[in-house]
Structures are given as structure tokens and as C-alpha cells.
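Shared chain: chain A. Partners: chain B in the first complex, chain C in the second.
Up next is the complex of A and B:
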């Protein structure tokens, strides 16, 4: 942004000057080329600042007050809420759940997505149908899929019924009622829904690899594993970066599916930072405290995704 | 103006135009009333509004419906920003973000003590309809918590309504032997977890300590040192005795209702307002309701029963005659009757001439005999206690904590500032 705006900051002629010296043609051409796109971006940027940046910044300010979301005034309490967070066992548990979800979703969703992409990148006849089939869940609203899975996971739902019908009654579970299992049941739904999304991004990366490189590796006698490791994997680095970033951030701020399927239960076993933030704000009237939690979550997202982006960026350059 | 300044100036003008569009309340029409209500009350509210407008053709009432969570969060935002509707749902007593005891102290509700209905509010309901001795809400329905059951299903077990704890436990076994559950329980849905405890605590706590809430407020007792311990222990005993369906933690509220309607369970412990939903799924099946016994002395049994739905008048609309007229209509015998009839509940303001649903006879009897106690959360000082109750019941059913630990957590939540 600074680079783009820099030309605008060049000293201009003082207002009222009779005949300012005309800028060099080359320089003027460059300035206009940079400035014009910014004027187009400005309305969207202004709206983004109005709807997201300013409210977020103002929200962060509330985290240093005792505002309850209703009172017309509030008092400054400094870092009190941040200190309380350190001793809040519920928030700590929610943080652990959030990290478990984020990392497991990131790993499994992308592994499945990559396998699906490799599968539908072959010449099998049904590849187009399969691509649509695998991608379809990603276009459904998460709340809707969560409700559907809530019914599938019910004690007498389709999953347990199917297991019973297959003579696998011993494998029937209380998918959302068992506090040891509920978190992973939620993770499974997210993986199911968004693996197709990862697949599409990987597929785009796969299709950008020139066929000549595959043919050359065939001539060199490389098998499928070696070809994947030494050709496909490095050339998919940008796709890996995008997918891993999106799934990590999505996992860290997960709310919808958890709220619909378990509301954080049973007994807080699936609470995430987002569900706790919601509950503190809208059920406990602790708006300022919940804002402090939101700030911490934001910092987590920034730090983790920043570290991940830095690492993956280096991998991309090395590739 | 130079071309360089034209674009930013235009943007600024557009931004100012946008902000000016949102300024001002523009709602000073004297014959318009805005109402926000819980979406679960859509049918009765629509009926009341239609009747009100027929009687007051010059007044236009606009209703917005929202689910409980959305309503509570939006209402708080609207109140703090001065954009709240004239009349809106307010929860009696305390215990949730849009409850009377949280809104009245902030000056957001108009004092309704001078309204015609105020003097007709039963003495037992005043603690949850008043703040510092003044009435701030118009109660419209009265509800209770008990066992809603299918009469045919119970008769098929060769049994009658259990009047004592021993009879209840015995009936649980009988039902199990017949391949059904006596009670469907959907503890996956957090708010459902509280109902059995409330139904038991009404007797285990308030029979011996009718002033329990006052003593809690004074710090003279605690959940751990009260009948709450017996209530939670008996809740778990019911689970052990097979009173409930398998896997209550994996069963939702909706599934529990369907379970009764489809005959997999004889009944369920629920608020009376659920009766209409069970009936709609169960078709012509005849339903009944009885108080959940908690001791072997039937005369000791009490029932949770309290004002359920209520409305408040925005303090900023206190001068609006139209809004006040609508509130008065809600408190009138006609308004109460329409609301309760369409909602399948009882009127909050007693009306001896009114015919009630036979299934609610037990509740009206208990109400008339003064054998009801307000819903417990309505007397708790903050919403955290109720949420903690939800959580600990789920943890108890998961076997993650003990009853003593559960009560300690509830006590800690009660004392939270």
C-alpha cells in the first residue's frame, strides 16, 4: 500500500502557482497508472473501513472497559479482563478445543482434498461428475449441513441405523452426546463439507502443471510416488499455501457448526473461543470481557496464520 | 475544483449522504406501535394484534419476530442505541440478558404501576414482575413444568399418574419392561437439562424452605447446603433407574418431543407451552400433565409455575398513547384470553370464568392452591447461574463431575458479580 500511494506524496506545486513546471512525461504516466486503480478501490475500501475496521478497533477499545452492552457509559478498567482470561478455565478449555479443531481440520481436510484432487485429475470418465459431487457440500450453508448432520448423528439417526443394518451395532456411538467423541464428530462434519473446496484449489494447481514435465519424468523412469514428491508437491506449493491458510483460519474462528450441533456441549466439551465469546457477550452481558477474548482470538489468528504464511512462503520460494 | 480533488470530494459527499440517511428516529407518529416478540409466540401475538387493531382501527401495529437468542442480543443493542421498539418481550424476573431485573435498573422500561392490569397480578408473581415495588411488565401467560404424557400410552402400562417418588421409580421399570421409556429426555439441547431439576427442586427445596431465594440472596444458604443436592441426586437416580431414553446427551429437544408423539416414550418433563407442539405431532392422542413427585408424601409435591411470556413498554415510548393502549390491551381479560387460547397456555392474570385446556387442569389446580414456585432462574441474580446449571447437568450425565462439584460450580456462578 505504501508503495502504491507513494507517488501521490510527491511534492506538488503550491496552490495558486501561476505556471507549475510540468512533470516529466514518464513520471506522470506512472503516477496516473498507480493512482487511478486506487480511486476505483477507494469506495470498497471506505466501506470496509466503515463496516469492519472501525467497529473492530472500537470493539477492541471496549475490552479495556467494563461495558455490559447496555449501559450508556462505561469505566476504564485497564487490563483487568486480560488478566481474568488467564485464570478462566472455561476459556482455556475452549482455546484447547479451538486449536485441536483448527489443526485437525487443517491436516485432514487438506489431505482428503489432495487425494480427491489427485483422483479426479486422472482420465476416468466420471471425473467431471465426481468433481461436482465432491465440491457440492462446500456450496451449502454451514448451518444447514450442521442441522442435517445433527439428525444423522442422533442416537436413532441414520449413521447408527446404518451400522445396525450392516451388523456393526457394536460400533454405534453417541456421536454428539459423548464428551470424548463430540469434538471429533464436529471435526468430521467440517472435513466432509470443505474437503471438496480444498480439492478444487489443488485441482487448479494440478492442472497448471505442464504435461511435458510428467512426460519427461516418465521417460526418466519416475514412479507415481517419486513423481508426486519431486514434481507435483513442489509445484502445488501455492495451492498448499492457500488451502492451509484458509482451513487454519476457518478452524480457529469456527462457530456455526458447533453452535448448531452442540452449543458447546456436552458439558463444554466442544466449546470453542467463538462460542464462549458469543455466550459471554449475549448470554452473560459481559460484552467487554468477550471483546477481550475476541482480541485474543484475533491475535491468535494473526500470529498463527502469519507464522504459517511465512513458512509456506519460504517453501514456495525453495520449490 | 480540480480533478484531483473531485473524486475524494465525491466520496466524502456520498459518505455524508449515507450517514445522514441513517440519522433521526423518524418514528414520532402517534398512531403507530412497533412491537418485537419471540418467534415462538407468533401465533398468539398475531391474534392479539388483529383483535387490538379491530378495536382500534386508527392505530397501526407492526410486529417483528426473532428467536430467543437473536431477540435478546438485538434488543440490548437497540436499547443502548435508542432504537428499540415501543413494546417488546421482556423475561420476568432475572436470569437472562433481556430479563426485567436487568432492563429496569437501566431505566429502559416504563413504569406500568398505574395501568389497569397491575393490581390484578397475583401476589406470588409480583417478585418477577416488579422492580423496587413498581410494575414494569405486563404478564400475558402462565406456564408450569411437569410431565406431559399420552393418556393412552400410560394406560397401556396399566398405570395411573404416579403421585409419589416410589411410584414414579416403579413406573420407570414397568415402562422399560414394556420396551418404552417413561420419559423422553433431550439433554443435548442445553435449556432442556434444567427442567427435571426444576421439577424436583420445587419440592425438595421449597417445601421445607419456601424463602430459599431470599436466603440465597442474603448469603445465608447455598445450593450445596439445600434441597438442590437431593434434586440433582434424584435426577441421576432417575437416569440409573431407566426412567429416560437411552443417550439423553445425544438426544435433542425436537427428538424428545417426537419420541412421545410416536409412542417410544410415555411422556416428557417439559414446560406447559410444549403441550401444543406435542399435540401437533401426536395428532388426536389425548394428553395430560402431572406434577413430578420428588418425595413419598404426595401432599408435599410442588410444581414450578410462573409467569412465562411478558411485555415491557419502552421508557422512551411512555408518552405514546397508542403504545400504552396496546400494553393495556395485553393486560385486559380479552387480550389475555386471546393470547392464552392461541398459545395453548394459561392466562397470567387469573380469570375464573375462562375455560382452560383439560390437559392443563393439574397446573391450574396447583396454581389455585398456591402450590407453585417461580421458575428458579427467574430469581437468580445473573444469567451465568442458569448456564452453569445447563453445563453441570450435562457433565453429570457424562459422568465427568460429582453432584457436590456441580453444586459448588453453581454456587460460584451465583456469587459472581
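Up next is the complex of A and C:
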């Protein structure tokens, strides 16, 4: 390339000995300014493939076999497990519960998180303490918070005692024992634990909004509601995307809290795909059937988060 | 901006009430943990007349929390060190190269954010069993390093894309090898986001429950969540004892959080720009 473009006036080298340009600089010129060796990704990729990619692929394959978890060999059964899933009313209920939990956690957790973020992103004196405080539940082991709430929700537990003390004895409930209520009691625990997580992400978004924009809107006489809707909300679009994705995926995968508080009860009222997968695999040894259920869960996570991501991406570009 | 007005005061009051509602479960936790075991029948809301710390000592011994704390600390420290070094090393070429392979590798890691652990759970359990690693903390370290790699690579890649290349280029001009440039120039520049990667991974690894329950059951190498799970199963009606155990089990991770809380918010802010 360089030889061809060299000015003719230069004392031309004999045509026969026109050496090709030295390869090293040419290659560097064509690619990146700094050549970082590609093999730097290999160690990370090796751990990731061993712990996630390979076993996930094997799980997907097992879902088409009659593997029992112990035998070295297994035979292909096609879509049999998927067909039995369709007629398994317990699995269908679990799917409905999983979607209900994921959607309601996504909506309520982010609504609470956003309100908290707007509240601490002001001039109140306790703002720094409150920030640290509201995030703290997200740090605590889910097993611990689940046991704590199991006690709070007990018939003679702290919530009913508090309602009695406030003269609201009529509102006392069997929070985890009532099959109409148990699912929402579980949702409340997740919202309590992770609203602070949403708050921190919204807060990061709020703090990236330049102060001049607020001042300009003050001078235009915009009230707090209009200012939020027309100025703050569009600028929070990236924070909304991250928050909604994290809470949707987390809600769909939820296991620890449900397992500790209800084990899916009463009467399957809080069974989710995760608890059914666990029970089928480790209590009934139906390994292949449980991996078919895990494949269904995976498809729901990928499709729903893909749809949500596409929608939020459009919103971000429009704002 | 505006000064502290009566409206600000009203907002402050409302936020503090919200904080008290959030704190209610924690208040009950301490009231119960400080209650003497024989002080039954009292309302769960009233602090005990003669608070005691006996429950903490008993829970520490009977749940064998000492060994569990050590085990959790070992697994968490090893996994987080591996995660920080290896994910930063991987994010470096991914962020610096614009070629097809780097986008493909990044997409592969992002797929890992979506795959639910339930899908890999059973096949990986079988592999660990075949390798004779069940009951061995090494199995957990390998698992956490792999499973948290996508999120860590995601955070580092976003940060690296916004990082000036001048220092690296200068180091390479001076003849430093790429590996040496990475360890002595790039890794130190990543410190702000490393704080976030550390704290989020510490929280995840320390708190994870199902995998250690499956991999370590009956081995005596339990981690804190599994030790607490077994302990509660044994002493289910003795809430004061149970709650003392729950508090002890939460102290280490809360300490790390309070020590590093500034980094959490800053790190998220950096992640949003990436």
C-alpha cells in the first residue's frame, strides 16, 4: 500500500527488489491503536464456560432424555417432558405465580425505590444517613430476612401484635397461612429488602442531572410534578432500564426467600418455577423433568427481558 | 439552590417515618435476640425487662458459627480475588478492541446474565460429584467465579470504555509487556469500579444459600447461610436463640457494607454512564 503511494520522484528502488511493507506496523495500523492480547479473556471465559455455559447446555439436552441424575446413560424421549408439563396443573400454577411475583415486584419495588431516591436527593439533613440505611436490607442474607419475616408474619407474630396495639385488630391476618394472601406477603418481603437497591441506582441517575437544568426549570416556574415528568423522568431513562431489568430477572429467578418462608405452601399457593424445580429434582429425583421446567423458565427470562429491553431502549432513544 | 424551608422539614419528617417503618423488622429482631429464653408470653413488641447477651454466646456455639464464619470468609475472599483479577483482565481487550470477536465474547458474557442458575444447577452438581469435589469449598470457589463473571466483566467493560488510554499507551511505548501494563497501569486505574465489583460480589457470595446447601451438605464445611438454616431447623421454637444467630451471621457482611458504602453509590453512577 505504502509503496504504491510513494512519490515517483524518489530514487526508485529496482522494481525486482520492491520489498513488501514490513508486516508488523501494517497490521497494527489496520486494527487497534493498542494491541491488547485477545487471550486475556481466556481465564475468565474458562470459569464461565465450566460453571454456566456447559452445564446450561447439558441441562437443555437432558430435558429431552429420561436421565435420572445417577445413571451414566440415558435415552432420548423427545418432547415427552414438555408434553407432561402442559398437563401438569401444579407447574402451570407455579408459572402463573412466578409471573405475578416478577411483575408485581418490578412495579412496586421500583416505585418505592424511585420515591426514596427523590426523597433523599434533596436538602434534608438526614439524607446521607438515610441513603446508607435504606440500602442496608439488600446486604443482609436472604435466609436471615426470610426467617425474620416468617416470625413477623406468624399469627402471634409482631405484625399482628403491632396492628392490635394500634387498635387495628380487625386487620390481623394469617399472612403466610392464607392461600389468597401468602403470595403478596412474599412480594412485600422482596420489596422491603430490595427497594433500597433500586433507590441507589435511581439516585445515581438523579445525581448525573446537571444542576443548571433544575435552576432553569425553576426560573420557568415549573412545579415539582411537571419538572419531574418533563425533565427528570426522561433523564432517568438509563436508570429505569437497569432497574427494571434487574428486578424482572431477579423476580423470575426468586428462590431463597420463598423456600425458607413457605416452601411453596400453603397448598402450592406460593409455588414458583424455582421451588417446583428444586422439589422435582432433589425430593422426587425427577431430574430430566425438572430440567425441562428450567428450560421453560430460561425461555421466559430471555423473552420477557428481551421484550422489556427493546421497549426501554426505544424510550431511551425517544427522550 | 434554596435553603431549608418548612417544606424541607415536612419532607424530612416523612422520610424519617418511612425509615422507621423500614426499621420495624430490625427492631423486632433485636428485641427478640435480647430476650431471656424463659421470658415467654410477652408481646413481641415490648423490649425485655432484663435483656441478656446469653443467646449470642449460645447461638455461636450451638450453630457452630465460628467454623462457618471462617469457611464463608475463605470462600468469599478467594472467589472475589479471582473475580476481580480475571474479569478485569478479560474486560481489557473487550473494551479496547472493536473487532467482531470482542463483541461476540461480550455478548456471550451478557447471555450469562440471563441464564437462570436453575438450568445449570443439576448438570454442574453431577460434574462436581464426578470430580470428587462435593463437600470441598473449592467447588464453591469455582462456581462463584464462573457464575459472577458476566456481571463483573459488564461493570469493568463499561468503566474501561470511558477510561483515557494515554497511560497505557505511554507504558507500552516504554516497552512494558501487555501483561505488565495491565497489572501496573490499568488495574490501579480501575480502583473506583473495583470497589463496586468487590462489594457486590461479597454480598452475593456471602449470602448465597442453595449452592452451598447442595454442595457442602453434611461435610462440616458449611457456610453461614447453611449453618443458620440448619440451626433454625433444630431450634425452631426458640426464637431468641435463633434471632441471636441471625444477627451474628449478618454482622460480617454488614461491616463490609458500612466500610465501603460510599463506593456503592459512586460505582453505580459510573456504571450508568458506561
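The rule is simple: the second predicted complex is superposed on the first by the 284 of 319 C-alpha atoms of A that agree within 3 Å, B and C clash if a C-alpha of one lies under 4 Å from a C-alpha of the other, contacts with A are read in each partner's own complex, and residues count from 1 in each chain.
We adopt the following convention: a residue touches a chain if its C-beta (ideal position, glycine included) is under 8 Å from a C-beta of that chain, and two chains touch if they have at least 3 such contacts.
Quantities reported herein were computed from a predicted structural model and do not represent experimental measurements.
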### Query
So, does A:126 touch the first partner chain B, the second partner chain C, both, or neither?
second
### Message
Under the stated touch criterion, which partner chain does A:282 make contact with: chain B (first), chain C (second), both, or neither?
### Response
both
### Message
So in the superposed three-chain picture, is A:43 touching just chain B, just chain C, both, or none of them (first/second/both/neither)?
### Response
both
### Query
A:77 contacts which: chain B (first), chain C (second), both, neither?
neither
### Message
Looking at A:265 after the superposition, I want to know if it touches chain B, chain C, both of them or none. Which is it: first, second, both, neither?
### Response
first
### Task
Please tell me which partner, chain B or chain C, touches more residues of chain A.
C
### Query
Looking at the overlay, what does A:203 touch: chain B (first), chain C (second), both, or neither?
second
### Task
Could you pull out which residues of chain A sit against chain B in one structure and against chain C in the other?
43, 50, 69, 156, 281-282
### Summary
chain C partner, complex, touching residues on chain A are 31-38, 40-41, 43-45, 47-56, 58-60, 62, 69, 116, 119-120, 122-126, 130-145, 147-149, 151-152, 156-158, 161-162, 165, 192, 200-201, 203-205, 207-208, 211, 214-215, 238-239, 242, 249, 252-253, 255-256, 259-260, 273-274, 277-278, 281-282, 287, 290-291, 293-295, 297-298, 301-302, 305
### Contact set on chain A toward chain B in their complex
39, 42-43, 46, 50, 69-72, 150, 153-156, 174-179, 262-263, 265-269, 279, 281-285
### Task
Going by the contact rule at the top, pick out the chain C residues touching chain A in the complex.
1-4, 8, 11-12, 14-16, 18-19, 22-25, 28-29, 32, 43-45, 82, 86-87, 89-90, 92-94, 96-99, 101-102, 105, 108-109, 112-124, 126-127, 142-143, 145-147, 149-150, 153, 165, 168-169, 172, 178, 182, 203, 206-207, 209-210, 214, 224-225, 228-229, 232, 239, 242-243, 246, 249-250, 253-254, 257-258, 261, 264-265, 268-269, 271-273
### Summary
In their shared complex, chain A is touched by residues of chain B numbered 7-8, 11, 14-15, 69, 72-73, 76-77, 79-80, 96-97, 102-103, 106, 108, 187-190, 245-252, 255, 382-384, 387, 390-392, 394-395, 397-398, 400-401
